Every structure is written in C-alpha cells, then in structure tokens.
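Each of the next two complexes has chain A plus one other chain: chain B in the first, chain C in the second.
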Partner chain A sequence: MALPQSLRTSVTPPELELIASEQLIDIVPLVTMEKTAFISGAYGPLRPPAKARVPLWIAVNLKLKKKCHIVPPEWLSVEFLQDRLSRETSNPGFSQLPFQFAEISKVILDIASDDLENPDKIRTLLKDIREARQSKSREGITKLDHSELGLSGLCSMEINEIRPFFIKGMNVLTKLIRDPEHPPNLDET
Partner chain B sequence: MVYLPPPQYASASRPSYAEAYNKILATHRRSPLTSASSIIILVAPDVDALCAAKMLAQLFKQDDVMHKVVPVAGIADLEKTRDELITHTELHTLILLNMGAILDLPSPEWFGDYDPQVTVHIIDSSRPQNLATLFGAGENGDRIIIWDDGGAEKLEEERKAWEAITLDPEPDSGEDSDMYSDDGPSGDEDEDCDVDAEGDDEYGEDDRPGKRRSLGESRQGSRKRRRLIVLKRPHRLSGEQREAYEARLEKHYMSGTWYGQSASSTVYFLSTVLERVDNDFLWLAIMGLTYQYTTSRISRAEYDKYHPVFYDEVFRLNPPTTAGSSATASLHPDDSSIRATDELRFLLFRHWNLYDAMYHSSYVASKLGIWRERGKKKLSGLLAKMGFSIQQTQQSYFHMDMDLKRQLQSKLEAIAPEYGMIELTYPSFMRLYGFKSHPLSAADAVEAVSALLDIAGGVRMEVEVEGARNGGEWFGGGKVWEAPDKVSSEERGKIALGDESEIGGNGGELEWWIRNFWTAFDALTDINRLREALLLSMALHRAIIRQGSSIIDKQDIKSMRGHRVVVLTQGPDLALFAHPGVLSRLALWLVDALRDRTPGTVLSGSRSKRKSLPFVVACLDERAGTYVVVGVTAALDFGDTRKNEFGLAFLDAKERCNARTRHSSFDTSVLEINKDDLSIFLETLCEGG
Partner chain C sequence: MDDDYYSIDAILAENQKIQCKFKQDIPDMGHLDGGSERDIKRDSKVQIPLWMAYVLIFSNFADFTIPGPFTTRVQNALKAEPTSVKLAGLVGAGGLWYGFGRVLLRLLDDEHGDLMSALLARTFRQRLLEVVDQAQHFAALGRASGGHSNDATQSFREGLDATERELFGLAQESSRRTKRWYESGEKGRK
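And then the complex of A and B:
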C-alpha cells in the first residue's frame, strides 16, 4: 500500500465509507432502469416514481447526475437524533445507533442535503452526539486491562479510532501480566 | 437545414430541442468509435456562449457522454478548425455556440464536405440567419440544424422568396452562372465553378451575406439545372416577381445585424424540457440574458419579454420560505438560492463606494455630464440631497450605514428625476452564497466574467487594494492583477505550448485569449474567482472612463457626414484598448454618454428611415501596426437598440477602397485594418452611408 507508515495501523475513514456504501437505501428514481446485474448483486428495476431499494453507491452515482432523490433513513431525522442525544447525555452507556451511521450520514449530507428537511440541525446534532460518545470512550479506555474491554454500542468509525491504541495497549498489558517479575523488552512488540 | 422550433411549437411531426438532444445521445451510444472527440462544442468568446457551453457540458456529463469544448475566436479560426476537424473520423456531432448562423453552412466550403454521419447543431443568438441553412433541404442540408427561438416561423415570406430564387435562378444572375453551359453534366463544370467560387471568395471577404447567398444559390441552382435539363424546364418566374423576391431577400440580409434569444436561454429551455434544471443552470441562463441587455444587444422591451420567464423559474426553484426575512440575506449556510431584486443601473455599485459607482455609470455620466467639473459637483449635490454625507459616499458599500442602504432605492427614485434620471432600476436577479460570501447580482457576475474574458491575461492591469484611499496609500496603492492560479497545461489541450513559450508574436498572442477563455469558464461557477475578477472589472472601467472623459474633453470626436468618428493614437491605456472587447465597451460608453447631446442622423445608405447614432471608434495597435475599428449603431433612447449596419458598411467601404483588413472576431462590426489605410477607409465609409 502506498499509505505512510502512520496510517497503516488501521483502516482510513474513506475506506470505511466505501465499505458502508454497500448498505441499502431507499431512493425515488427519476429514470427508468431494468434489473441490472452488478458485481455485488442485481438491483432494480427502477420505475419512477415508485421507490426503490438500492445500495448507497448506486444512489450516490445517480444523485450526482440528478437522476434520483434520496430518501433519508428513519434515523437521520431531527427527532430521532435529538432523542439519542438526550439518552447519550443522561446514561453512562452508549445509546443504540446504526452501526455505520457516521459514514452514511456524511455521504448523505454531502451530496443530498436538499433531500433532508433540516440539514444544519442534523449536522449540529451529529456533532454533539459524536462529542458525547467520544468523551465516554475516552473514559472507557482508562479501564483497559489485559483480557477484555467491554464497550458495547460503539459504532464503526469509533471502533476504528480506538483500534490502533487499543491493540498496542492490550499487547503491552498482556506481556506485563504474563511475567510480572521480568518485564519484557518492550521494543520487541 | 432544419430549424428546430422552440418547445412550445413542438409537436409529433416537428421535433424540437429535446428530440435533437436525445438523438445526439443515441448517436453517441451507438457508434463504436466513440471517444472524447466524437462530440465537439465550438464556443465563441462571449459570456453568453460561455454560459451555454457550461450548461451543455454539465448535461453531457450527467448523461455520461464524452465531449470536448473548443474555444474559437473568429471566422478565420473557425475555418482553421473546420479544416482540422474534417480529418477526424470519430466525430459525429458538432455544436456551434454563438457562431455560424450567418454563414451558408450546407455549402461545401463550410460543412458540405463533411462525412454524412456528422450532424452540425447551431445555437446562435445573432441574426439574421442564413436562409440556406434554415430552409435548405436534401440529405446534405438535413445534417445542419439551427436551434431557433420562434423567429423563423415568421420568415414565411423569406422562405418563399428563397425557394423560388434557388429553384430557378436567372440565367444572368451573378457572373458565375454564365460559366454553366447547358451541356450534360460533366466534371468540368464542377471545376469551373470551383475556380470561380474561389475567385469570388477572396473578392467578397469573410461573411458578406449577399455574396454568400448568391454563391450558394447558384451552386445549388446549377445542380438543379442539370437535373432539370433531364426533366422538363418548369415555367420561369416573371420579372417583377423575381425582383420582389430578390428585394425581400435583400431586406432580410442587408438590414443590419441584431440579436435574438440568447444561447444560454436556448440551452436552458432544453434542460427544462428534459426536466434537469437546478439553480446553477438558472443562474447561467440569467447571466446570458443580462449580458445581452447590459451590452445593448437587446432592447429593454425584449429583456422584459424574457424576464418574466426567468422570474417564474426563480420562484419555482426557490420557493419563498418566510415572508418577513430580508430578501437578500442567506437563510442558512448552504443557501445557494436566487432571488429577484431590482437592480440599479450603477455599475458594480455594491463593490465600490457609492460615489464611484455613480461616477462610472454611463447613464449617470450622460445625464450629469460627469467629465466636467460642473458635472462632478452636480453628482455630489445629488448625493447630498439624498442625505448621504460625503464621507458616507466614499465608504465602501459594505461599510455604509444600514439605514442608508435601505433607503437608497427610495431616495433615488424620489430625487433623481430632478436631474433627469428616470428609469434607474431594472428588474434583475441576485444569487446568495450562504455564509461563504455576500450575495452577487447578475449584472456584477456578467461584468466579472467578461472582464476575465477580455483581459485576464495579456494586459497588465493595476487594481486597487481595498482601503487604499483616504490615508491607506502608505500601504501600497495597487497591485498587478493576476489570475489566482495558472491553469495546468495538461488539462487544456490547446495550451500545450506552455506559458513560457517564446514562439513568435503569433504563438504568444494565440495563447492569451485561450487562457482567458478557460479562466472565465472556470470562474463561471466559482464565487471566489468571480470576486477577484470584480477587482479587475473595476480597474477596467476606470480606464474606460478615463479615456472616455479625455476624449470628450478634448473634443476628439469628429463628425463625418453623420458618423461620429474617434481615433485613438496615444494615451496611457493604448495597449488596453487595442483589444476589441474593451474597445467595444468604450464605444458603448461614449454612445451612452453623448446620447442626449448629439442629434440623431439617418445614414444615407441604410434601409430604415429611423434616426440613430452611428459611432466608429478606432484604436492604434502599435505592436501589430494596425488599427482596431469598432462600429456601433445606437438608438436615440436609452434602453432601445438598432440593428447594427456596420458589418455591411465596413465590407462595402473595404471593397471600394481596397484596404487591407482582417475580421478577427465573429462580430462583423469589428475589424482590424492596416495602419496606412485607415483614413481612406474612414472617408469611404462615411461618404457611402
């Protein structure tokens, strides 16, 4: 890979976005298309104005050519996010959010913000949610020990953030636990 | 041949824009040799064509169609491009924007020789259109399609006249027909008429419509003739009928040039039919229309004809949300909507201070006589009456008091009529840019883009840095304007020669306008570049005012038999005015400024009896040793236009005095003439008409 050393330890966010683009999403197509076979499966037919369920990458492609409108998923709305935010700030645990919500919401806000009813409010809510969860995961890291770390409810991007530090930290801790008298040479890890 | 009626006249049997577009797509998808040069868009260097090209390119991109945009400077360039393109085998669609309507395109010297697969579409706002291109039928003519705005429906009479004359030319109409003998078809006849055609070509320069017409007709006539010999000779037209028809055709071609629907409006209507419009397209179309109006190509009445269409579109695409909010404040950070406003006639007034804006506006200049001290005092007096202190008017517009800004319009309407300035506003549009930047009006956007087109490169312009006045001179008064980033040469095919090429003057000169073209093209949708270009435009206008005022002061305007003639041979900005675009602006400014002070005249050679103000401005280009001459026929009333007869007048005069000239742009009223021939040329021009 051509990435610099520092980025090789984990997956980069654009790659996560690509993976998340496999998710199915509803669109209202403006053009007709027969059932077409793609590498990942067959999608279609598209019959406007009926809604169709296609992967996000097809939706993005069509939207950029102005050939469809994206129907935002139910969780990408002000009420849902507001509710989750309040849960986030009141409970110590992580609230339930779709696994790839960060990637999907970024893509939709970038290209189809005109299909959402209140894109600015949604952006601020998402930012608040992210900050709340980030502070929680930081606290959780302090409880890192050698055998397990239970942080349930984390989402794809957040896991990716923690992963490099988490792996290294666990490695070191495991070695320390295994042989408390003779601390190993940490350069080997 | 075919002319496409606009969508409102379309029916099952009369295809319109959308069908033509779909055919282009179908041809593209069907042909095996498709590559980026299968569809080529030739674009003339004016703002309207640029907007249309941008829209078309976007439409093609959305349909995954590969295409190429090629800028073309003038008729000579078009000929060169035509010769180049005939060798391309994968070409199947050619689109001409704002060029070529006057040319006889089905004839072999233009596109008659091309492969029958190639279709040529012409989206041109200049009129009159060549009748052979409009009405010529047959498998050759069918390939050439003019996208019309409904004007061709009214040309029934001309159509009859043209068809009659074509089918049955007189035996002695035009010297070339004499060469055709009545012997059977033979190859020699073709050679003969070719030779003669070439002779005729040099004689009647670039686009003398009359000569072209008879050329096209006699060639078709000869073909028809040979065919007719085999059949029976139909009855001939009677003498007076023929004369009536010919007079009709004369009138069509010889009454001067004017402009119809802008190319960007045409492409916009196409996108409406395809249901693919959005705010960007609408804004580009508005810019095209505003360009036509601010450069006096269409009259106020015609502008008012198209304006409601766009007004409705604006409201369709930008539904007004809250009634109470200020009309021009962005509602949210990504607001990129368009609003309708009333635009004041002052140039770029939101970017200057108020005093400057009024000073540099040609309308105010003419009413108040700005170039004299008395006029300047009048202007300050007007501002004082409206309640603006001198300090306020010298403030950049954005730093003016809020309440003054709001009252500006109403106060102007109250007080300006005292000075004879009525009709200070016209309805126009404004685009918001969210929280990124303050809103931009259509007229300002047009000014910025045309300044880029004219002088983005090739001329050293000093622009004023904000805050440089009133004590800021210590920090540097101005800086030389530079395009924000040089376009990388790999992206644009024609600039392959590189920026630092020292290839003779010709190579260097060819590059500057192509670079300007692409700078302007990129800036069309980029607000940051537009903002920078506004500075350039202000510097340009300052130069124009300087020159214009000095001309009027020194009374450099000679009057020759009803024409007003100005010749510029010296001055600080001479290199700047050697550009035809800038010179045309100067001419328009002078016309506006002197409109009320000069009596209208009727040109003796002209067809109409209406009075007009013919103006000719010439500027010396020291480097090339030529004069650039621009002719403008203005109307007596502000906001009105006249057909510009200088295209024909120039050609006439040129033939009569054998001057060495060159038409370097598509506008027939602009030409370059050898230095020594200028005075003879001007005399011939003025005595003739």
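And then the complex of A and C:
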C-alpha cells in the first residue's frame, strides 16, 4: 500500500470534519443569492432576513465573509448539553447525541461563537461530556470480546479514536482463542 | 500475530526453542544439538526451534516440555497480577510472548490447549486497559516532554510484548491525532 502508515488505520479527524460539513444547518443570510446548483444539490435562494437551510460548509464560507449568521442547532445550547451531561454521569450507557456532534459543535464554536449564547459555557460542557464518555469507552476495553462489539450511542469522532486499537485488540483475541466457535470461559480460575 | 507466510512476527515466534526429549536413537543427526556427538541418543534432551519441533513431535520421535515462558510459576504470577509480569523479558528476540504461545497451542491437546488459550486471552485482556491508558497518557503529554512516571508504570512499559507495543503505538497515535484536532483553532479556516 502506498498510503503512509498513519493513514492506514482510520480516517483522520479533519476528514471526519469534512464529511460532517455536508450536514444541513440553518442560517440567516445577510446577502441575496438566487437558488444555486451544487454537486450535492441545489440550495437557496437566500433572501434576508428569511432563514435558509444550507450545508455546513456553505454556512462556514459565508460566515467567514460575514455574510450570514448561523442559527445553532437546538442541541447546541446550554440547557440541552447540561441535561445530557447529567444523564451521562448518572447512567451507565452513552446518552443520545447527534452522531456528528463533536465535529459540528467544534466548527460552529470555532467560527461562529458570536452567534451562540454563552459559548464558553457550551465549550466547558462539551468538554465535560467528552470526558465522561471517554471514561466509559475506557471501561469498555476491559469487556473487549473477540467476536462482537456494541457501540450504541457512540459518535463518529469517538468511534474513530478507538477504532485502531479496538480492531487490533479484537484481532489478537481472535487469534489467541483456540476455538472461536466455543470459547472457553475466560472469567474462570 | 498472524499466519501469513511473509509475516516476520510469525517467523520469529516459531524461532523460539523448546526442550524436546527424544524417544529413540536417531543416527547422524547429532548436529541438531550443536554438539560433537554423531547420533542423537534416546532420552537425550535437546533444545529445538519450534518450526522443527512440529515434525519431531507429530511423528512421535520426541516429547516436549512446556517452555519457560509458560510454566506454572509464570502462570501463577499472571493470575496474581497480570500487569506486573514482564512478558518481553520472558521471551528473547523481540518479545513475542503471545506469538510464541499461539504457536505452542498447535502442539497441545484439547485440554491443555484450552487452558493455554484461556491464559493468553485473559492476560491480553487484562493488560490491554493498562496499555491503552498509558498510551493515552503519553499522547496527552505531547511529543516534547519526557514525562515523569513512577516505577510501576515504567516497568510495565518495559515489559510490553511486541504485540502490545504495537497496540500502544496505535492508541497513542490515534489519541494524539484526535487531541490535535480538538485543539486546532479557527486559524486554519481563514
């Protein structure tokens, strides 16, 4: 393979961000634009001050030129995240968040923090949520099995982070277990 | 860790020697022992690399004893505290403890094989968490700083088997990459 070693194991975070940029998001445009056809579809027309629904990458582009305000998705608010954080710390499972919440929230916080209420609080909450979830996926390592792995509730960035060594670890376990159909009970003795 | 013909790890794992006890005289093969004897005598004990031992054992020329890295003493130590055993120190040349164990599985009958397989899998799983923890810890420290760590973690890292070492690298790289992304600012976008 011609790919460098570091790219073989999984997708890189910037690539995930690129993929997440296809997600649609509401903006309040400050410029007028006719309906325009892109490869992924036709977006617009933009008629201020009416809201328009465009992919994140268009929103980012316009925002950086100060030609729109981004309307943050409803989950990107202090109340919602506070609620998820308390669920995250009280329940053993992963709480439901948008699959690409890490990527989208980072992009919006980076370029459009002035469109958010209380961006610093949101940043802290996101960080707390991330840490709470990380400690759960760390516990998951001890339950690693050679044949199956449940990832319910994990989001794309988290899956991507654990992918390389989970795959390798499961591979090794498969090899170490003599008869994968009838594995011996590992918890005995 | 795989059976691929070109896998260096598989070749190295098979290069480990195990002690074989010959069941009969074998003429003209004394050079296997590296000694000056012309013949191998019955009941003589010879260290033979695993790749050659298969043939001898399966065709009933010799018996073998469980080699050093997998003796009851090591098994008990692993049972007591998996993270305190230096796997790399048990086997020479690259420290392929799991690889060696896996090749050995083929020589064992069902009962012993199951025990050995359980030992390998249990050890691997119990050490994995520590491997990943330390890898993430080191990723967080960043490339430049050496980091201070206490003796237990240091000695655990030194005792990593080659397979675990690879996992350590994977976990460290992935964690470092994700961290870099989280910390990258808005500068790149303008």
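Here is the rule we use: the second predicted complex is superposed on the first by the 172 of 189 C-alpha atoms of A that agree within 3 Å, B and C clash if a C-alpha of one lies under 4 Å from a C-alpha of the other, contacts with A are read in each partner's own complex, and residues count from 1 in each chain.
We take it that a contact is a pair of C-beta atoms (placed from the backbone, for glycine too) under 8 Å apart; a residue touches a chain by one contact, two chains touch by 3 or more.
No experiment lies behind these values; they were computed from the predicted model shown.
With chain A as the common reference, chain B sits beside chain C without any clash. Shared-chain residue A:Lys65: touches chain B; no touch with chain C. In the superposed pair of complexes, A:Pro119 makes contact with chain B only, with no contact to chain C.
Put simply, more of the residues of chain A are touched by C, taking chain B and chain C as the two choices. Across the overlaid complexes, the C-alpha centre of chain A sees chain B and chain C at an angle of 120°, to the nearest 10. After overlaying the two complexes on the shared chain, residue contacts for A:Leu18 are found with neither chain B nor chain C.
In the superposition on chain A, contact of A:Met33 is made with neither chain B nor chain C.
Annotation: superposed on chain A, chain B and chain C show a minimal Cα-Cα gap of 11 Å. On chain A, the patch touched by chain B and the patch touched by chain C overlap at residues 64. Listed in rising order, the residues of chain A touching chain B in the complex are 30, 64-67, 113, 119-120.
If you check the complex, the residues on chain B that touch chain A are 61-64, 275-276, 278, 332-334. Interface residues of chain A, counted against chain C in their complex, comprise 6, 9-10, 12-14, 17, 60, 64, 106, 110-111, 138, 141-142, 144, 146, 157, 160-165, 168-169, 171-173, 175-179, 183-186, 188-189.
Touching chain A in their complex are the following residues of chain C: 1-2, 79, 98, 101-102, 105, 113-118, 120-122, 124-126, 128-129, 132-133, 135, 163, 166-167, 170-171, 173-175, 177-178, 180-182, 185-186, 189-190.
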